[in-house]
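The same chain A turns up in both complexes below, where it pairs with chain B and then with chain C.
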Partner chain A sequence: MNENNEPAFEATGLRKVFRDFWGRPRTVAVDGVSLRAAPGEVVGLLGPNGSGKSTTIKMLLGLLRPSAGSVRLFGRDPRDPDARARVGYLPELSNLHKFLTPRETLAYYAGLFDLPAATRRKRIAALLERVGLSGPGADRPVGEFSKGMARRVGLAQALLNDPALVVLDEPTSGLDPIGRREVKDLILDLGRMGKTVLLSSHLLAEVSDVCTRVAILAGGRVRAEGRLADLLEERDRIRFTAAGLPDAAVPRVKESIAAAGAASVSVDHPAATLEDYFLDVVGGAAK
Partner chain B sequence: MRLPRPPRLRPVLAGAALGLRAPLRSRFVFALLALLGAAVLLLPVQLKGDGTTAGTLRMLLAWTLGAAVALLSVSTLWAGCAAVSGDVEGKRHAGAAVSSARPFELWLGRWLGLVALDAAVLAVVLLAVFVQVRARGLGPADTAVRTYLPLDPASFETEVDRVLENAIARMPPDKRPDGDPARRAAMRESVREDLGGDAFLPLEPGEGRHWVFRLPAGPDPGPATFEFSFMSSYGESQGVRGSLTLRRPAGATLAEREVTTDDSGYVRIPLPAGTFAGADAVEAVFENREGADGAAVLLRHDRAARLSVPAGGLPRNLAKTGLAVLALLSLLAALGLTCGCAFSFPVAAFAASAVCAMVVVSGGSAFSSDDPASHDRSHGGSGGVSAAIRPFARRVARALDAATAPYDRAEAIDRLGDGVAVSGPAAWRALALDGVALPLLLGLLGAAALRRRELP
Partner chain C sequence: MKRTLVALFSVAKATLLEGLQQPAVLLLALACMELTALQPVLQLHAFGEEGRLARDCGMGFFLVFGVLAAALVAGFSLAAEIRDGTAATAIAKPAGRATFLLGKFLGAVGVVAAVCWCSLWETLLAVRTSEALVETDRFFGSVRDSLCGLLSVGAPVAALALAALMDVRARRRFGLWFFVFAAALLPLAAGALGFFDRLGGWVGFGGWSPGLDARLVPLAVLLFSLLCAFCALATALTTRLQTGSALALSFLVLFLGFLADGARADWGFAGRVFYALVPDVQSFWLADELAHGGRIAWREVAGGCFCAFSWTVFALSLGYVSFRNKDL
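Here is the complex of A and B:
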C-alpha cells in the first residue's frame, strides 16, 4: 500500500514520437495519454495492436523518454531507483537469460533488488511454488522451457521484490487455460493485498474479470476511461425485471409499478458485454 | 547538487555472477580455450628457436604469451561489447533496467565478472607456459631473472658537465659561450636532454664517458653482468678502438677490456659473485682510444652501459607479468562494456576496435611528438584543412598514449622474454591506473549511456 496515498503512477499528456536515424518524425505512437492509478486499483489497459499500450507502459517505467508530457511513479521520476524498488514488471516479451535456471534467474533479480540472503531464499521458494515451478523444473535452464513456462518465470520475477505496483504486459500470453486462471487469481489476490496492478491485455474477458478500471487506447490516444461498471452501463436503457410477469402486462406495469406492491420486482439497466463496448469504441475511433 | 551514492554490493555481485556465467555457459569459452591451447601448446612446437637457451626462453615466454595475450585481448574486448548490448537487443535488459539496481552497479557487476574470468584464464595460461619451460629442461638456473641497476642521478649531472666541456673544447674559440652564462645554460640543457633521451651521441677520439651504478644495499647481489653497446659512426672501414673499465669510484679496478670493431657493437662481461663485496657503487668508463683522425663512437647514454644483477626467478616474474596483462584486459573489458552500453553490438565492436587501433597507431605516431613544428614540416607544411585537424589529432594521440602509458611502461612481456625483472611497482601501478582507475572512469561513461538508452 502506498503510504502517502499518492497515486502509484500518474501520467499527464504523454506523447511519444519515434524518429528515424536522421531525427525526422516517423511514428506518433502515443499522443496525449493521461492516466493515473490510485493505490490498490487494478487498472486494465486495452487497445488493438499498435495502439500504444506497450509504449505507454514503457514511458511509465522510464524505459522510453516521453517526447512530451510527464510521468511520476510514487511521486518520483520513474528512473529513480527508490521508485523502481517498488515496481514489478512483466514485459510483453520477457526474454530471459537462456542459460540460467529459474532459481538462478530469480536469484539474479533478487540481487539486483538488493534483497538480503534470507529474504531471497524464502521468497524464491514461495514464488516458484506459486507459479508451479518448484519441482525439478526450477533447476533446468530456461532455454529448455516452453513459452508458457518461461512466462511463469517472468511472472515470478515481477513479484520478487514484493512490489507496490505490478505492471503486467500480456501476462497470460502463452499460458494454457489453467495457467490463465491462475494468473487471474493471482491478480485478484494482489488487488486484495492492496497492491496496484496495471494490466495490459488483448483478452477482454480476463480484463473484465479482474479490473476495477480500464482505459481503452486506440491510435495512441485514450478513447475511454473509467470504472468498468460505469463504462459498460447503458444508461439510455432501463430494464425491468419481474418474477412471473407476462409480457402483455409490461405497459400496465409501467403505470402501476409503484402501486402494485409486488414483492420481487426490481428495475436495473442492462449492461452490454465488454467485448461489444470495446468494438464500439474502437470502431468509433477508426471513423 | 546531490552526490552520487556508492554502489551496493549485492546488485554488483549479482551482475558479476551473470557476467561469469554467461561466457562459461556458452560455446565462446570453449572456442577461446581451444585457441589459447593452440597458442600455448602447439605454437612452440612449430616455432624453431635459435638453439640457445635465451632464444628458447624468448620464444616460449614472449612469443607464446604474446600470442595468448593477443587472443585474450580481442576476446575480452568483444565479450565486453556483447555483454550489455546483447541483453538490450535480445530484450533481456528490461527486467534489470526496471529494477532498483543503478546503471553503474549493472556496469560494475558485468565488468567484475569479465575481469574475474580473464584472471582465471590468464592464470591457467601462465601456468601452462611455466610448465612448458620446465618440460623443456630449463631449470631455475636457466630461467634466472636479472634486473638492471639504475644510473646514479648525481653522476648523470656530472657527466652532463663533462660532455658539455668536451663539446665546448671542440668549438672554435670565437663560438664558445665564455662570458655568456645564459647561452652556456641553454647548451647545458640541450646536452642534458640529449644525454637523457634516446639519441646516439658521438664520443670523439680522446674523450671518455662515465656511468655510475648504485648497488642495492644488503648482501652481495651475486653474479652480475655488465653489458656495453655501441655503434661506429662512419661504418666498418673507420673502425672502433677503445677501453672499457669497471672500477669502484676512485678505487680498485674490477674489470678491464679493450673494445674494437670485432665486438660487433656489443660487449658482455660476466662478474662473479663477490665482485662488489663492500662496495655501494660501481663506475664504468669507456675511452675512445682512436687517433685524432679516428672515428667517433656513437653511444646512447642510458643503454650503452648496463649492469644487471640477479632478481628472483621465473615464477615471480610471471606473476608480475600477469598483473600487468590483467591491467590491460581490465581496460579492454571496460572499453568494450562501455561501448556496448551505448551502441548495438556491431557498432560497439567497431567503435571499441577503432579506439584500440588508434592507441596502437598513436604510440608510434609523430602526432604524439613534442615538436609540432617539426611534424608539420615533415607533413608538407602547416596550411589547409589538415592543419585545422592536427592540433585536435595531436591531443587525441597524446591522451590515448597517456591512457595506456602505465601498462606500456611496465614492458612486461618484453622483459619477461628477455629474462629481465618486470618492475613490481610498475606492474602494480599499471593495475591501479589502467586496471582499475581508468576502467571505473569508463564505467561512469557507460552508466550514463545506459541511463539514457531507450528500450523500445
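Here is the complex of A and C:
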C-alpha cells in the first residue's frame, strides 16, 4: 500500500479490560472495536459517557495497551515514536503545566518534536494567534487561565507539528459558543487541507456539522458506522425549500404534492440554529 | 539521536521550571536554609564543639531536606502528571517513555541541586557563625560571628523580598526568582564577610578571607550524589505511587540505608543481600572524618559517586520497567 492510500489509523478487534490491583478484571471498557480512517477523512466517534471513546483513542495513540486486537498508525505500531510524529492529540482534559505560560507550554511540546528553532518560533506565534491568545495572555501562567482558555492552549499544542492526523477528544468542552464555532471552523479547515481528523464527542450537533463519517460507540462496542449522509438520509421522505413563495400559494403546492401521491405533506418555516442566532447577536454587539 | 536529546532537554527544563515554582519546594528550601542559619544561635551545651555541631546539623538538613525535595518534585512532576493526563499529552508526541522518564529525573535533580546549593552555603556560613575561640591584641575568648549570622539569616529573607518585588512589578515568577536570588545572595554574603573578622571588624581589601570551612565541599558532593540516587528512587516509585507513599518509602530506604553497614557485619548472608539492595548511607555520611581537622579524600568522593551512580541507574531501570507498559 503506498503512503497516499495508507490509512491514517487502523484498529482491528480492539479490546481493553481494566484490572484491579490483583489483576482481576474490573471493567471491559472497549470490546471488539474495529475502526479505520483514510487520509483526509473527518471521522466522528460518538457515544455517551463511559462508552469507550477515550479508551479507544488512547489505544490508537499507544497510551494504553490493548488487551486484545491490533492498532496501526500510519502503518506502524503506535508505540513507535516515528508513528506519533505525524499525530496531533488534544486529550479530554487540558491539564497543562500550571506554572508555564502558553508560549512556554508550546515551546515545551515543540521540543518533543525537535522542530527547528525558526519554524518553532513562527509556528508558536501563528498558533497563539489562531487560538486567540496572542496578546498579554501568552505570557501569563496557564494556572491562572479559565477552563476555556486552557482548552485553547491544548488545541494549539495539538497542531504544533502540522500533523497529518489530528485526534481531538471532546475539543469543545469548556468553550463558549464562539470558541465552539471557532473549533468547528478549525476542523473544517483541517479537513479541507487534507488532514485526517478523529473527533470524539457526545455532542451530536458538533459531529454532524463537521464529520464525513461517524462511528457510534455504546457499551464499548461500535453500534453503527458509516458515512454521515448515508446514516441520516431518510430515503422515503423528500424536503423542498423555497424562498419568496407567497403564503397564498402554499395550499396549492400542498395539493399538487398530495395529488402526486405523497402519503403526508407538512409545511413549516425553517428555523436558524440557536448557535447561529447567538453568534449573530454577539457579533452585532461587538460591532 | 538529536531528537531524543532535544526532547530530553525539553522535558527536564519544563520539570525544573515547574519544580522550582512549587510553593512546597520553596517552603522546604526556606525552612532548610533558616534552620541551618539559626541553629548556631540556638545551640545549648555544645561543650566547645559548636562548629562541629553546626556542620553536622547543616549537612543533616542538607540530606533530609534533599530527600524530601526529591520525593516531592518527583510526585509533582510524575505522579501528578500521570494522574492528570499531562504525561499522556507529552507521550502522545514522539518522545519515548524512557526519554520522558529520564527528563523527569534530570529535572528533579536540578531542583534538588538548587536546594542543596543554598543549603551548602548556609552550612558554610553557619559553621563560621558558631562560637569559636578568638585571640587578638584586643580580645580573647569565645565569640559568635554575629555579622555572619545576620547575613545568613537575612539572605533568604532578602531573596524572598526581591522575588516578591519582581512578582509585583514585572509579574515574574516568585518561586523561580526566589531560588535565583538566594543562590546568588548567599555566595555574595560569604564573599562580603571575607572583609570582616569574627568580631565584625574591617580587615581591608588585602586581608580578605571568607573564613569558610571548604572541607565541607567534598562531603556535600558525596551527599548530593546520594540524593541523585534518591531522585531516581522517587522517580521510579512515582510511576506507580502517589507523592505521600513515595515520600514514606524514600525515608524508609534512607533509614534502612543507615542500617545497611551494620546489617552486613551482623546478619550473615541475609545482611549481605540487604547490603546489596539498599544504598549504604553510612559510606556517604562522612562528617565524622572532618573532626579534628580531618579531610575527605577526593578518591573517596569519586568511589561514593560511582556507587551512587550505579544505584541511580538501577533505580531508573526499575522505574522504566514499571513505566514502559503503564496505562496512561
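Here, the second predicted complex is superposed on the first by the 230 of 287 C-alpha atoms of A that agree within 3 Å, B and C clash if a C-alpha of one lies under 4 Å from a C-alpha of the other, contacts with A are read in each partner's own complex, and residues count from 1 in each chain.
One rule holds for everything that comes next: a residue touches a chain if its C-beta (ideal position, glycine included) is under 8 Å from a C-beta of that chain, and two chains touch if they have at least 3 such contacts.
Please read these numbers as outputs of a predicted model, since none were measured by experiment.
For the composite obtained by superposing both complexes on chain A, the positions of chain B and chain C are in clash. Looking at the shared chain after the overlay, A:6 reaches neither chain B nor chain C.
Judged by the touch definition given at the top, the superposed model places A:162 against neither chain B nor chain C.
With both structures placed on the common chain, the touch criterion links A:233 to neither chain B nor chain C.
Of 56-64, 182-190 or 380-388, the segment of chain B whose C-alpha atoms clash with chain C in the superposed model is 56-64.
Annotation: chain A residues 18, 58, 61-65, 81-82, 84-85, 87, 89, 91, 93, 95-97, 99-100, 104, 107-114, 141, 154, 157, 161 touch chain B in one complex and chain C in the other.
Touching chain C in their complex are the following residues of chain A: 18, 58, 61-65, 81-82, 84-85, 87, 89, 91-93, 95-100, 104, 107-114, 139-141, 154, 157, 161, 167. On the chain C side of its complex with chain A, the touching residues are 2-3, 6-7, 9-11, 13-14, 17-18, 21-22, 81, 84-86, 88-96, 171, 173, 175, 325, 327-328. Of all the residues in chain A, the ones that touch chain B in their complex are 18, 55, 58, 61-65, 79, 81-82, 84-85, 87, 89, 91, 93-97, 99-100, 104, 107-115, 141, 154, 157, 161. On the chain B side of its complex with chain A, the touching residues are 8, 10-11, 13-15, 17-18, 21-22, 25-26, 90-92, 94-102, 106, 451, 454-456.
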